[in-house]
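Listed below are the structures to be examined.
Below are two complexes that have subunit A in common, paired first with subunit B and then with subunit C.
What follows is the complex of A and B.
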């Protein structure tokens, strides 16, 4: 079943003025229910205009030719407008800039309240939405949304949309401006949202890695026209087309291209890091240089980076301190042109510990002080 | 919703009027506006309309863009017209029905007031239509310079003005975005009684204010980072200069102003005679 059906949709901004701009040019698009469609294209290609048609924020200009049908509702039907907006949840770019209420719970309740639901139902939906986006109700419900961190604010804003439990969720660059951790969490959240609340998702994104990893289908716009439409694997395989549209290819595909320049041929359809990993290990294995390791369950999962031992290697530190103890004259020399990099994550903790050592009576630093004279 | 607001209505075109010195345009617009209040005869109004049409043609503006600004005051014009039409009781009575009386004087006054308002607004709208906000601010700053002698912080005022003008389109865009976002959550901004509507605006106004403060903060940092200092003597990238076209424009508008004054105070009968010649028995 089609969740969204768009026929012959065109849109012109500032018609008949010197600033006239054709934002959409005869768009025909249908979105299968239960699919995650990524909408890509350079800035100004018409993505935002297109998605604003989906919930009637912009009405079709040419009512005779164009039609937009969302779950059997026409987007030009004024009476069904409210219903349509509750059916199509829209998360705009930087949604945290639209928060307004004095508490998180009230802000999230705004949508359900506009649906004229009962107070209990509103409360239930707020709790459910917060739980899905990973905000603890007891901790966050009573706080002011303006006191939260950027990532938390965005979660609140997204919760405010999904509290309406829309069947279709439209996300306009949901990860823009987030730090790597927040970005990873939010991308995981999109999958959760699709599974638990909104089966159909339209995702506008500039990040082709995200698209490759998440989307079932890529629709590319250029100058208001659909110039590519298909599975990410097939769309990205046509490198010339991707270049013409003004897009990047995913990181894995870039590696494939670079290797090809060096004479190593891999499949052009590789788009995710996992596929690249498998292809490379296969390649090495066939060259007899490596025994192919067993495939991992989830590639580059959270634990890969969060692994405490990966960074915080105690034994190494002990060794280091031993050296200092043994050799009080030890100097730290840096070769010219070298780049010293301070470890930030867990290094700071170590530094603190070391400072404490220096000021305490015992410990390696004191030994160093005695040996080295004036410190 | 906010697209038709008069601010930022600059109509880009390559014309002599667009290139005029903003200071000259400011003063001449002021002169034109004052002049309109001295117009007494239909002859004077025709002259004003002719001048206006001349400027519009030279500036290559479409008539619609000028009339758009008149649309905004249509209600005021109608209200004033109706009041005048029925309130003036002197002169020959044309229509008498119950308490309503329409006199010849009333009709004339009404027509003249409507003409005056329409010509006033369309004339004044030519300034923002042909001058970018930045030019306007520069022009105002330059004209206010003498006030610096009276310890008026002219440069600060000018900077505040340019910043305010610069951010009007940004704020409109932002307002539209927030309205869209809240509408997407089912907010209805244009239904219900006046209190319901005011309350419905809060979800738009609060984020707008919060974002404006944040933006102001960022702008202040950015200016600080570039060592902005309002008290230093600043130079201009584009220095406005008086050119031949400016002098010509000044001469034309001054001539218009003089004719209007002469028509009113010295040769009052001339204008009225011309009126009589053209409209004959209608008067």
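What follows is the complex of A and C.
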């Protein structure tokens, strides 16, 4: 079944003025329910204009020619507009800038409240949304969203959207500006959201590695037209096309190209680090240069979904140390050496734990990862 | 000779009555003239706070920061520091003040009350340095993200700064825009401008000659990219290896392959080729 059906969609900004710009040019696109589609393209290629059509933030200009149907609702139908917006959850870039309420729970409740749900249902949805994004209700519900870290704020903002339990989730550059740990955590969360809440996901991204790892299908835009559409593996394999569109290829594909220049030929369809690693170990094996049997296939998956480190981080403890009262200077006199030493121990300990996780087969880290840290 | 000296500083954000959040704790470091430093660490580690302390937007609650020997805490001289230390921020859309590009670049030096000829020569220099001369009469709002950030850098360059701080200046750009900005930054550094690039992107950090990682407001790692990426503290800082380095290490574990200091994919490919023989 198609979750989204777009036919003959064009859009022109500032029509009939000197600044006229055609943002979308006859787009035809169907998105199957249950798929994760990555929408890629350079800045100005029309990605944002396209996604804003999906929940009626922008209406089709030419109502006769164009049609957008989302789960049997027409995006041009004014009466269905409200329902459409509950059906299509939009997480814009830097969604944490849109937080506004004085507590996390109130902020997340804003959407479900607008759906005119009962107080119990709103509360249940807030709790569920927080659970799915990995925010502990008792710890975070009453806190001000503005006192949270960048990664936590973003999860609150996403929780506010998924609390409406949209069937389609649109994420515009969801990991921009996050640190590597936060990125990894949020990327793992996208799969969880798809499984638990929104079966269909549209992901806008500039990061081709994320696209290669997450998407079932990649749709590339250039100057408002769809210029590539297919499985990431096939789209990225056509290097000339990717270059013409002005896109990058994933890291693994770049290594393949670098090796090709040096006379080592690998499959152009390699797009993930795991595939590259496997191909390279095969290469070393056939040269008789293997140390020991290669680790199990899910090696990289484990690393990718191993979000244990984020959830049992010691930040809680430290935050208490960071919040100080009245005399700010007082606690700033901890001897630097002592603390660095403590951190060093902490660091090596973590490294050790991680090694263990990576080599153990499907250990607890994996189980937790798959449940978004809540299993 | 040290351009910037950070001497045992702490900084606290006031939250509510009498309650504060310690963002920087007893931090000391020195940055030399002409260095290219990547400043990294997880969200909330104090990177941006440090950047704002370095040009006197914030003042340390204890300790002292000097730029060319001038203290950022001294109200009378802080303007001198701001002239020396220019900042470019994250969002390309929040940093333009004028409609036309050349007017935008001229905004800073105009406020110095410079004569017209000097003003024009500074704008020419700045736009040329970022490769945006041909756009000078255009509207800033019509540019791509990478172009806007280059104009933002030009606006800072027109002040003739000695230190350029980029606070996640590439994080909202597409790959092409990011490459444009980093190219300009590398060239400016070669001309002698001290660069401090705040970034979460490890491949970007690897472009610097020195990487400083903060963790919870303290200095956690300080060294060359190769040293930093082999530090046992990397993960504790919320950082990751650049993908080429991560892959090289995995190969090292299972194959007869020495990962050494591989950071980028070209070196990785070279080493694979060499070590397969």
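One rule holds in what follows: the second predicted complex is superposed on the first by the 293 of 375 C-alpha atoms of A that agree within 3 Å, B and C clash if a C-alpha of one lies under 4 Å from a C-alpha of the other, contacts with A are read in each partner's own complex, and residues count from 1 in each chain.
We take it that a residue touches a chain if its C-beta (ideal position, glycine included) is under 8 Å from a C-beta of that chain, and two chains touch if they have at least 3 such contacts.
Predicted model, so just to flag it, every value in this text is computed and none were measured.
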Touched partner set for A:143, first subunit B, second subunit C, both or neither: neither
Touched partner set for A:213, first subunit B, second subunit C, both or neither: neither
Contacts of A:43 with subunit B and subunit C, given as first, second, both or neither: second
First (subunit B), second (subunit C), both or neither touched by A:280: second
Greater residue coverage of subunit A in the superposed arrangement, subunit B or subunit C: C
Which superposed partner A:111 touches (first subunit B, second subunit C, both, neither): first
First, second, both or neither for A:59, with subunit B first and subunit C second: neither
Residues of subunit C that touch subunit A when the two form their complex: 10, 12, 15, 18-22, 25-26, 28, 41-45, 61-62, 90, 144-146, 168, 171-177, 200, 202, 215-220, 232-236, 238-240, 243-244, 246-247, 250-251, 253-257, 265-266, 268-270, 272-273, 275-276
Sites on subunit A touched by subunit C in the complex: 42-44, 93, 147, 149-151, 176-184, 206, 209, 246-248, 251, 254-255, 258-259, 261-264, 273, 276-277, 280-281, 283-285, 287, 289-295, 299, 309, 318, 322-326, 328-329, 331-334, 336, 339-340, 343-344, 346-348, 350-351, 354
Touch list for subunit B against partner subunit A, complex: 11-13, 174, 177-178, 180-188, 202-204, 206-207, 210-211
Touching residues (chain side subunit A, partner subunit B) in the complex: 18, 52, 55, 57, 82, 85-86, 89-90, 92, 95, 97-101, 110-111, 114-115, 146, 160-161, 164
